[in-house]
Amino acid sequence: MSIRVTVWHEYRHEKVNAACAELYPKGMHEAIAAPLRAHRDLVVRTATLDEPEHGLTAEVLAETDVLTWWGHRAHDEVADAIVDRVQKRVLEGMGLLVLHSGHFSKIFKRLMGTSCDLKWREEKNERETLWVTRPGHPIVQGIEDHFVIDREEMYGEFFDIPEPQSTFLISSFSGGEVFRSGCTWTRGAGKIAYFRPGHETFPTYYDANVKKVIENAVRWVAPLAAFTKPTFGNRKLGWYSAQ
Amino acid sequence: MSIRVTVWHEYRHEKVNAACAELYPKGMHEAIAAPLRAHRDLVVRTATLDEPEHGLTAEVLAETDVLTWWGHRAHDEVADAIVDRVQKRVLEGMGLLVLHSGHFSKIFKRLMGTSCDLKWREEKNERETLWVTRPGHPIVQGIEDHFVIDREEMYGEFFDIPEPQSTFLISSFSGGEVFRSGCTWTRGAGKIAYFRPGHETFPTYYDANVKKVIENAVRWVAPLAAFTKPTFGNRKLGWYSAQ
Amino acid sequence: MSIRVTVWHEYRHEKVNAACAELYPKGMHEAIAAPLRAHRDLVVRTATLDEPEHGLTAEVLAETDVLTWWGHRAHDEVADAIVDRVQKRVLEGMGLLVLHSGHFSKIFKRLMGTSCDLKWREEKNERETLWVTRPGHPIVQGIEDHFVIDREEMYGEFFDIPEPQSTFLISSFSGGEVFRSGCTWTRGAGKIAYFRPGHETFPTYYDANVKKVIENAVRWVAPLAAFTKPTFGNRKLGWYSAQ
Amino acid sequence: MSIRVTVWHEYRHEKVNAACAELYPKGMHEAIAAPLRAHRDLVVRTATLDEPEHGLTAEVLAETDVLTWWGHRAHDEVADAIVDRVQKRVLEGMGLLVLHSGHFSKIFKRLMGTSCDLKWREEKNERETLWVTRPGHPIVQGIEDHFVIDREEMYGEFFDIPEPQSTFLISSFSGGEVFRSGCTWTRGAGKIAYFRPGHETFPTYYDANVKKVIENAVRWVAPLAAFTKPTFGNRKLGWYSAQ
């Protein structure tokens, strides 16, 4: 059984930032999508901000089991109507994987109900260590006790999110800050995961552990094969005992 | 130390529904506020939809520790700018107690990130039994094992809310449905509680157990006396170890 | 990839209770195991209290991915050393599905840390309705909005368990009580589910919905194919950055 | 209204470790108790391992609202019967604050259901930074964004605990490890908090932030003034509607 994945990307940094363009010549979305495409049961497409309807037409979303989201500079340019559409699909069961600076996206703030704010710092040589805090969780399958990313942007607590259902990774940074880097929530019938690393000027999406976590997360947030849609609204007395 | 409570009410049913007006001649907000006013440490005011800014000016919210919310017919008439303002205050620590049909209010949906939909039925003689499912929680202080409301509207699962941090009451109805009638969440520094009973054509807000739960919930969602606001944004390397 | 399931059963009621023996001539464990055996990827064995080491030798447990547990009359006869052994395997990742009166088993109380006590009533004709409260959860895959069991024992709240990670089913009973009938927790690397129905004098384990939930739960609590065991203990400064 | 606190201490290191004895000449329990005694509404006594029944007689526990627990070398010498007694009181509503190496105590493992294991390192000059991850939680009232302890033992993840209800502090250490240093759970009617710092050879219990967190935690885990004990057991049909 296959999982239909749409890798959504803002795709703006590559056009104005030489370091980013050099690292990700086809765009970060292609770097995220490529290792997923290596799995025959994952059917992967991409969508970007500047496409009509940001590439997220009703048809595309109807055919999407899992949506991944990377944005940073242009969160405000995402149309509210598209955010409504994505939220509705998540509540119906579509999985959502929010990456790095996607923490400030309209869709993540919409689903969390909070500001999703944090502390941050961009240094050329700051090291991030990600510690597994929920061994046995499917998203950390195949990940050792911890893993190190030599150079990454720092994100620091307080991260203004609702208490996660599971926190599967916590990071420390050279500078001494900590961050809940891997978290999950449920909204309606949809599963949501957040995964922190992925700054646009570092080769993070080529890291083997990062690729593995993203693949695992895509599989974990994917909806059920046989999903019974919940029903709502007015019910007469005796409606169900009569069945 | 006193808690400043603002009882917000839509205040529309009373004007068009004779049964409601007879039960609550001064409006449901006054019935909700009166037993709170009996406690000297609770400083209570009311605010209603048709006042300027729905009675929720920046000044009023700045002086509000706990906001209670009842709405039903006119959720859509609440201005988005006021919803933004209330959400911001909750994230800063203001407590929010959502009552009955307030489940479909803009502010509750905004903070939950879900549809907040449910099943419902209005009968003249349906009985609700509320069972305590978290003894020891401050919101059920003084409440026995369970309590009965002889006549209430039915709300049935699935209630589309994020998994609560605590579920302190679960109801059964004569018709056989169940409902998570007492739940809590945290958003930012703010505590949120939902409490189900309170249909406009029943004398629910005169019930001793209902009054007790509302008083307890107001006290529990109230913010800390000495709250340290979280800080966000850019930090230079070494910013804190230098302290 | 197959899941190795051990269906553990106390197997005492069948020997003293004619109604139970008539309903379950081969024992309740065989009724629980049979529909699981219909799935080629589930490799099912049974184990019972009166076997040596209760059928749960170190070898059997080492080869068990998921253990299901039904007990009632003889919880105290389960040896503490076997409980220790099962707990250790759960923390290492073995799934555990606790059924009905297994709520009072030593292993469930050990993993919960609470009394696991509840209210109960045995009537010949009490109806149970189970409402789905977490649509989209893998354990309710294929289950409609709710399902009815015509005759079951009543279990009522307060059910003394830690706040579940997910509550996927809540029951109402003819008598008016409610119960959190489907719940999950994580302990160490192991997933735990509780599923309420299954009194020994009713044909519950032949019910299609009950069989489906049990199959789903077995699959959901199953451990990862590639699990990295957590490591503990003393670490020298610089142990990991040196890698 | 006063809170009756019993500060329990193993009280063995002071007798064999000169560094510990010099730092805590009256024992660590007196250092923990002294700042609590400064508050007139906290009625504080101490109890230690080598007293009869470890100082935790039925009478003492019946008069205890909140128990704090520090142990390390002699967890195994705590009698199981006393652990049973403490657990029973927690389920009835007594608050429990587990400190530092108390993570490996029988009572904490009993209530968690897990191994409570972790990584550790003892260095003379390792720095711990504790970051507030749940601003607005009563336990961090008056605590800034973060605080630093210049010298402490390192505890590192994976910390084998059930997913906390709230995680209010996460630590980073000079060596790069992270740890969930402030967590809460509910068991029965009792609230439980864990607070990490407090190695016996460092002056941690004289630190102003540590003292403040301990005072806050004692107040937060304290039981309700008016607690309704849950009821369990057999109920006849119609038992409650007849009320």
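By written order: A, B, C and D. Residues from 1 in each chain.
Just so we're on the same page, contacts are C-beta pairs under 8 Å (C-beta built on N, C-alpha and C of every residue); 3 or more make two chains touch, one makes a residue touch a chain.
Bear in mind the structure is a predicted one, so any value in this text is a computation, not a measurement.
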{"item": "Contact distance in steps, from subunit A to subunit C", "value": "1"}
{"item": "Maximum centroid distance from subunit A, chain identifier (CA atoms)", "value": "D"}
{"item": "Of A-D and A-B, whichever chain pair has more C-beta contact pairs", "value": "A-B"}
{"item": "Superposition of subunit C upon subunit D: rotation angle, C-alpha, nearest 5 degrees", "value": "180"}
{"item": "CA centroid of subunit A to CA centroid of subunit B, Å", "value": "32"}
{"item": "Interchain centroid distance [CA atoms averaged], subunit A/subunit D, Å", "value": "36"}
{"item": "Junction residues of subunit B, two or more chains touched", "value": "129, 132, 134-135, 145, 156, 158, 163, 165-166, 176-177, 186, 188, 230-231, 240-241"}
{"item": "Chain-level touch network, classified as line, ring, star, complete or other", "value": "complete"}
{"item": "Residues on subunit D engaged by subunit C in the complex (per definition of touch)", "value": "87, 91, 110-115, 117-121, 123, 126, 154, 156, 158, 160, 162-163, 165, 174-177, 185-188, 230-238, 240-241"}
{"item": "Of subunit A, residues touching subunit D in the complex", "value": "129, 131-135, 145, 156-159, 163, 165-167, 170-173, 176-178, 180"}
{"item": "Subunit C contact footprint on subunit A (complex, rising order)", "value": "93, 127, 129, 132, 134-136, 138, 140-146, 148, 165-166, 186, 188-191, 223-231, 240-241, 243"}
